[in-house]
Amino acid sequence: MKINTFKRHFREGTKNLVRNSWMTVAAVGAVTTTLVLVAAFLMLMLNLNQIADNIESDADIRVFIDLSAEEDDIDELGQNIGELNRVEEFYFSSKDEELEALVEDLGEDGEAWELFEQDNPLNDVYVVETYEAEDLAGVASTIEGFSNVDDVDYGSETVDRLLQFNQYARYIGITFIAALLLTAIFLISNTIKMTITARRDEIGIMRLVGAKNSFIRWPFFVEGMLTGVIGSVIPIALVLGGYHFLYINLNDRLNFQFIELLPWNPFAWQLSLMLLAIGAFIGIWGSVMSVRKFLKV
Amino acid sequence: MKINTFKRHFREGTKNLVRNSWMTVAAVGAVTTTLVLVAAFLMLMLNLNQIADNIESDADIRVFIDLSAEEDDIDELGQNIGELNRVEEFYFSSKDEELEALVEDLGEDGEAWELFEQDNPLNDVYVVETYEAEDLAGVASTIEGFSNVDDVDYGSETVDRLLQFNQYARYIGITFIAALLLTAIFLISNTIKMTITARRDEIGIMRLVGAKNSFIRWPFFVEGMLTGVIGSVIPIALVLGGYHFLYINLNDRLNFQFIELLPWNPFAWQLSLMLLAIGAFIGIWGSVMSVRKFLKV
Amino acid sequence: MIEMNNVYKVYDNGVTALNGVKTTIDNGEFVYVVGPSGAGKSSFIKMMYREEVPSKGHVKINHVDIGDMKDKQVPYLRRSIGVIFQDFKLLPKLTVYENVAFALEVIEENPRKIRRRVMDVLDKVGLKHKARFIPAQLSGGEQQRVAIARAIVNNPKVVIADEPTGNLDPDTSWEIMRIFEEVNATGTTVIMATHSKDIVNKIRRRVIAMENGQIVRDEHRGEYGYED
Amino acid sequence: MIEMNNVYKVYDNGVTALNGVKTTIDNGEFVYVVGPSGAGKSSFIKMMYREEVPSKGHVKINHVDIGDMKDKQVPYLRRSIGVIFQDFKLLPKLTVYENVAFALEVIEENPRKIRRRVMDVLDKVGLKHKARFIPAQLSGGEQQRVAIARAIVNNPKVVIADEPTGNLDPDTSWEIMRIFEEVNATGTTVIMATHSKDIVNKIRRRVIAMENGQIVRDEHRGEYGYED
């Protein structure tokens, strides 16, 4: 292709956007609205995912130490635990600290138990955190085999349930995003297809005048790309601006410790890039696919 | 309008769907995909809402009875509570039952406490449920004024937080549904507008031949309505079938007691009716609005 | 009766298509409009059924100024005028039959009567056997004849034809002219823009010759020609 | 050289437009195709640039059977043939200039050369001053002349014209005919379907007369007419 021809295609593609103004508005509008939806949903899902991760990573193993264990034994146990390679960190919590925490946890119910402080029936404890929630069970059973361990508890039931629930939530989320993206692709390429079908006569005339198919296709390629890119401007602005706003305002309000939003930078930028890519891709794809139909001899 | 003319409009509207087959496919496709999305989201949100309601209604007030209270005093207190008109139901739980429940709640941690069964430091308790979670605070403070009440606890902090969180979730949900509906309306009327704009020449010719605007508009009205109705068939089928499937399969698996899906009948039917109405309305609206533009002299 | 008084038409792009046109066409007249390509013949004709409105001056149909006409009345004006457009303006998705019937459906004519009348007219223009075809399946001349059939189907008071024989062979042209003469004989005004010297010179009628948006000659029983 | 051998064309709806056509047109010839409306003139012409393919029989352009032609080669065939369509087929969104330039852009001609050549041709058909208008802003005859300009702009080996003067007044028609004669004088084949008795009888060339999808007369320096 000559450079002049390439320039011509680009010029034509751009001009076509202006010439078919109402179609451009419709196609860009479809891209914009669906991408806004995709963006909003992605922001929600990725953050929920993050929150789920945080919850999981809060889970830990409690190693109850034999009441008979001496200080040396306890240190040795600690060393053994520290050598396990799936363990991220661990700390020691004496039986007095445990009682205190328990009393606090129980709230007003717990006050009654303060009377028994002198006669603390609890064990000293090692609290162990693993890198992944999935490792809890394995590490726990390993530690159970160490000496001076009275019992090991990692809230197996609760954690398992939580893991399962998160898994469900993720499946639902992924299904939803996939559905949304498919819908977006369908709607956008549908709209572009319509704008092009409305120009089938034009394409027919070009062919009758001796234009090669590739010659006809190129300006539509450019046009589709521009449609997608222009259509992603507003969604990107919303992501960059809107997420900033949400991040500033919501992060403080959500006072459950385990809820923390993904940081604006780089998250908003990554998402924006993704939207731009989706927009351009769908634009080109819808455009080229639709033209193809009319280029059959 | 003569009856013959009315029949003609209906016939024309139907024929137009067939004549402009690719436009029909595009418009019906847009209605279908957006309504499927709306339906899926409505199902999700309304169920989450229901779950939130359930969680809230699980909250209750625990009335700790004075250790010194006699059986008569306890009965009297019960009667007083029963007379409060925001109270839905309440039951008595002896200090032994309380200890048992506590030990169970604490799991393996709790075993240590079983030793102290002979020396139970807990109070007898009335557990009170109100009709609405919002009434908890008021009822609690009333009961606090009754005699023989040692203390009242309704997990004020937790419940307040939960209430607030549900409120947030609902706002987000409503915003999302509104956005989705607006997007659907925009996309569908956009698509219909395109199918009609592609026929602007046709409309122009009709006018030149002496057709009144109302005469031109009617078949488009019928066409828009049919587009909307046909477009809502698949979403409705998905709701009726898909929700049935989900209800049967998911309701058992979700073994958290507080999660319970809305019953298939009437929920799925109501949602279907709603989708049909939305489809027809948007179809007519998009169609008639778009034609209007070309009926200006 | 159609009266034009000092009518100017300047299109959006600045082209002056009518440059002070003044004329009167009585009911029942048969008028040729001739002139070179781009003279303003079509623009002149478009004034009469209000496809275009004058930029200056007045156009009156039966003493009603179409400039003052309410939008609601325009359809009624157009129903009393059968127009054959230079580019046919057939509805591409409708069959020949439906295209012609449309002009009668618009006036909410009785369906049975529509059927009879449409078939009559299609027979007249020689297209009865192609009633079920859509325009894209017709030859150029056949499309033109469908346009003619649609224009005369509801017995309008005025028939306006913009080069109704441009795509027709001489024989078919004469047949169409015979139809116009018939229609004119029943009192219908016929106004026809044409480039056909043959027709104008053989069937002598009033000739309005235009050039550069002006009427340069207006002669009864005139000849083809537009040099002044 | 264009050869047709026993060519039949039956459209999807069952209409037989060509009913066994056999003829040869040599390079550099000037041929009129005449016949009544619906005779098959346009169908005959459409075979030559492969807008339609024969239902039976063979069409050869320079000894290449267009039935065997690969899809990829069709654009090249069409570039060597300038076609004036009966319904003009102008691109409605492009200006007059762009419409004509398109035929040169397609062959990736040098932009500067395009500009010069397009303005030359527009001048020839008398539309230089309307280069920036879009088709909807032109009169019928002006649109037809744009179509003519586009057909001859890239000096094709064959010019095919389907009623190129249908919307033109006699004076403009003669000018267009002069252009065709000029083009023909440089060795270009000209094939022209027409209803104009005047032109055929004054500028005497080969006449192919058609009726009912068949060639009923084929005469050198013939007269207008199609009765056998």
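Letters A, B, C and D name the chains as they come in the text, with residue numbers starting at 1 for each one.
As a working rule, a contact is a pair of C-beta atoms (placed from the backbone, for glycine too) under 8 Å apart; a residue touches a chain by one contact, two chains touch by 3 or more.
Source: prediction; values computed, not measured.
Think of each touching pair as a link: the shortest run of links from chain C to chain D has 1 of them. Among the other chains, the CA centroid farthest from that of chain A is the one of C. Centre-to-centre spacing of chain A and chain B amounts to 25 Å, using the average Cα coordinate of each chain.
Separating the CA-averaged centres of chain B and chain C is a span of 62 Å. Centre-to-centre, using mean CA coordinates, chain A is 62 Å away from chain D. Centre-to-centre separation between chain B and chain D, using Cα means, comes to 67 Å. Touching two or more other chains at once is no residue of chain C. Residue positions of chain B with contacts to 2 or more other chains are absent. With chains as nodes and touching pairs as edges, the resulting graph is a single ring in which every chain has exactly two contacts.
Chains that are in contact with each other form these pairs: A-B, A-D, B-C, C-D. Residues 22-23, 26, 29-30, 33-34, 36-37, 40, 44, 102, 107-109, 112-113, 115-116, 121-123, 151, 153, 155, 161, 165, 172, 176, 179-180, 183, 186-187, 190-191, 193-195, 197-198, 255-256 of chain A are the ones touching chain B in the complex.
The residues of chain C lying in touch with chain B in their complex are 49, 51, 71-72, 74-79, 83, 85, 89-93, 102-103, 105-108, 110-111, 150.
Put simply, chain B touches chain C in their complex at residues 2, 4-5, 8, 16, 19-20, 202, 205-213, 215, 297.
Taken together, the chain D residues at the contact with chain C in this complex read 11, 13, 15, 34-38, 41-42, 86-87, 133, 137-142, 144-145, 162-163, 166-173, 195, 197-198, 224, 226.
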